[in-house]
Amino acid sequence: MSNRSQTLRPLGSWLEHHLPKVVLAPSFIAVLVFVYGFIGWTAWVSLTRSKLLPKYEIHGTIQYERLFAAPRWDVAMNNLFIFGGLFIVISMILGLILAILLDQNIRTEGAIRTIYLYPMALSMIVTGTAWKWILNPGLGIEATVRGWGFETFSFNWLVDPDMAIYTIVIAAIWQSSGFVMALFLAGLRSVDTEIIRAAQVDGIPTWRVYTAIIIPSMAPIFLSAFIVLSHLAVKSFDLVIALTGGGPGFASDLPATYMYAMAFSRGDIGQAASSAMVMMGVVFTIVVPYLYSELRAKND
Amino acid sequence: MTDMSLPQTRGRSRAGRIALRWLLYVILGLFALYYLMPLFVMVTTSLKSLEEIRTGDLMSLPRDVTFDAWATAWSGACTGIQCEGVRPFFWNSVLIAVPAVLLSTLIGALNGYVVAQWRFRGANLIFAAMLFGCFIPFQVVLLPMARLLGLMGIAGTIPGLIFVHVIYGLGFTTLFFRNYYVTIPSELTKAAKVDGAGFFRIFWSIFLPLSLPIIVVTIIWQFTQIWNDFLFGVSFSQAGTQPITVALNNIVNSTTGVKEYNVDMATAIIAALPTLLVYVVAGKYFIRGLTAGSVKG
Amino acid sequence: MGQIQLSKVTKKFGDLTVIPPLDLQIEDGEFVVFVGPSGCGKSTLLRLIAGLEDVSGGQVLIDGQDATMVPPARRGLAMVFQSYALYPHMSVRKNIAFPLRMAKMDQAEQDRRVTQAAEVLNLTDYLERRPGQLSGGQRQRVAIGRAIVREPQAFLFDEPLSNLDAALRVGMRLEISELHKRLATTMIYVTHDQVEAMTMADKIVVLQAGRIEQVGSPLELYRTPRNTFVAGFIGSPKMNLLSGAQAEKHGAHTIGIRPEHLLISTESGEWEGTVGVSEHLGSDTFFHVNCPGFADPLTVRASGEMDLKYKSRVFLTPDPAHLHRFDAQGLRVE
């Protein structure tokens, strides 16, 4: 603080002066303890031999060694890359196409946008329940298409260990692509109309206006969409639980369900902690550079 | 771009343009059907009898509309061994969501007000630290939180779940209010200080009356997040305190007895109804929250 | 009473010293203008007086009382901001009454003061409107009204006219001057516009990089600028400042001569040059004359009738009575 050689503030006035800090303090302490402290706790426990109860003697990286040796974790990480990759890429492509189509002066735009976006308001458990029913091999799509006369039609991904993960991709895209569309649509609308007019005056065809001017200028929005989607992908838990329960077997496990199984049904806290730390590592490698550049850009 | 379509430039006939326009509408319509199909299937299935479901077609309308599945879902469906329907869990969700939404919104408003208008050294750092908390995968705090709730004696209780939701909602609510309040000129705070208003008076008399839109956005965002939450609900609740998402999952995945798909669908719609309603009534604010929560860092 | 004294007042932001120790005495009823280029610390100084910023050292005395630790509202000062800082959700009446409500003044007295202020400022018809429905000039008046009703010991103005267009600015300038005559209350006014400073002030404080360059009445500053900075800052168009051989001839490092103190002739004079750009204002004409051996063109004021062609040959003679001489440090030499 500054050198106050003169009069000291009376207590009431001191409090008034420091009120903003006093108000922010509880939240700050909460974040410190419940985010950073807890991450620290999990990191610590991931280095111990904790089983049903946490132990605090450090035993090196044994949990991580076990984790990377576990076939189930291997499946979960593989699934994360398949699911994450397909989910992000297809959601972005679909979102962009829909946004461009909706940007053509559509009269019923408001209604269409509402329809495309409503899945985002649903719980993933609801989404999972709905798609589980639709993809039900006995009574769902498969039965319906067969009923239309295609007797040999087969669509049993839900119970096929090789294909189960793709059902999660289908449901997740259904839920999130409308949101990506809304992001992109906002981006398309924020492009300076004068630039577009100038391009039109220059006689540049519509598709070239999109590919050469509008889409490149939306790079920051692509980045945000990517960040949000990848964040959703790593955290996805609800959808897997509701749609496949991680099955058949553990064919559609994701790191999030692996962690949960270790923590709450297997009673293997050490494995739960180490898998959570790996998940955090994945999120951080994506989010931290983004947040850092965002905050820096703002302070400049 | 709002008020102008890119003209389909020269060289195309009028008929060609009209055909293209039709094609555009057909494509958009097909996508609308794709997004609506699951909802349609849920609603129709919930109105069919089990018999009709077994023999009929996923896409067909119910021959005989029956609300039996809805009645069962609300007050008779089994979650494991209990068969009280989804009603008690619906109220659990209300009891969790309402206080958690209000508390996290209020605290977020105060935090945002401090960070945006009462800058002190380190305030930005604190804000960055809180923002960062929005992005962690919650799996990393599940274990210590379970132990802490136990130590505090609120494990498996509704206050415990409220506590968790408030703590991990603060990052976003603070972000929303901070981003809104930085757009209000700081001279307003200074003028009010000279006029004799103190910290809370300025917040109450000047900032809160100006905050209606962001309060709506924040409440909707928080409500959707908390109502739809499953991870915290399944990790930190016990038999009597589970939120509706957990109950829905239990009903759908219960392995005892006959699989009642129509009841599953009715339950799912009941679970989705509050957030869908919010979306239909205040969609504009819902979208604003979504984009603000993801685009603005 | 509204006597304000700053004693060794210092302001630092982290390691950056914005205002090195500074002393200043402001008498009761004076209209004092802080003027200087942007970033000179004039607004910071005003906020230190208002109590909106904490001093890093030194004392602020109001009427002889140490007010250094007193919160803004209890200093008995009122402030008008550049952006007016009106509360957008309150009517004009509520805006003006807000400080009175905060002081828990009784309702009848509040009403009386608001009504009176509204009359003085021609706002009576607008009392029930919101700030968003008013013009810039009206908003400015509301901001002043909110200051007046408190009957403060001193008014602080932070660049109050810079958001108004040129015509309105001249009008508001007069209104504020009139207000000062009528209320006879101390006013401290911050601006970067030396015309506002010259026309309104009893006393001008010229600031640069947090330091006071000179304090004095407008005419004192005009006639005897203490250094080259003040010489160049006060007066419009700017004083011509010349260094090198021409200055040495007058026994100085730099000499300064105002455009109005240069005699222009087509026949003879001390310096010879050619006319560059001419600016005709009607009442006056300003010629920019390029003289060989001078780094910059000289600005010369002539009567409005005078008309000279581009590149025509002219002679300039400085008025020796109004020649300012400065040493190598830029300080005035008598």
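A, B and C label the chains in the order they appear, each numbered from 1.
Note that in this section a contact is a pair of C-beta atoms (placed from the backbone, for glycine too) under 8 Å apart; a residue touches a chain by one contact, two chains touch by 3 or more.
Bear in mind the structure is a predicted one, so any value in this text is a computation, not a measurement.
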item: Most remote chain, CA-based centroid, reference being chain B; value: C
item: Best-connected chain pair, where connection means C-beta pairs in contact; value: A-B
item: Geometric centre distance via CA averages, chain B-chain A, whole Å; value: 15
item: Averaged-CA centre spacing for the pair chain C and chain A, given as whole angstrom; value: 56
item: Of all residues in chain A, the ones touching two or more other chains; value: 16
item: Residue list for chain C, restricted to those that touch at least two other chains; value: 71
item: For the chain C and chain B complex, residues of the former touching the latter; value: 14, 47, 50-52, 71-74, 77-79, 81-83, 85, 87-89, 98-99, 102-103, 146, 150
item: Contacting residues of chain A [partner chain B, same complex]; value: 16, 19-21, 23-24, 26-28, 30-32, 34-39, 41-42, 45, 54, 98, 101-106, 112, 114-127, 129-134, 136, 139-141, 143-144, 147, 174, 178-179, 182-183, 186, 188-189, 191, 193, 196, 200, 203, 205-206, 209, 221, 224-225, 227-228, 231, 234-235, 237-238, 241-242, 245, 255-256, 259-260, 263-264, 269, 272-273, 275-277, 279-280, 283, 287, 290-291, 294-295, 298-299
item: Interfacial residue positions of chain B with respect to chain A in the complex; value: 1-2, 4-9, 24-25, 27-28, 31-32, 34-39, 41-42, 45, 53-54, 57-59, 107, 110-111, 114-115, 118, 120, 123-124, 126, 128-133, 135-147, 167-168, 170-171, 174, 198-200, 224, 227-231, 234-235, 245, 248-249, 252-253, 261, 264-265, 267-268, 271-272, 275-276, 278-280, 283, 286-287, 290-291, 294-295, 297
item: Partner chain C, residues of chain B touching it in the complex; value: 121, 185, 187-188, 190-197, 201, 206, 209-210
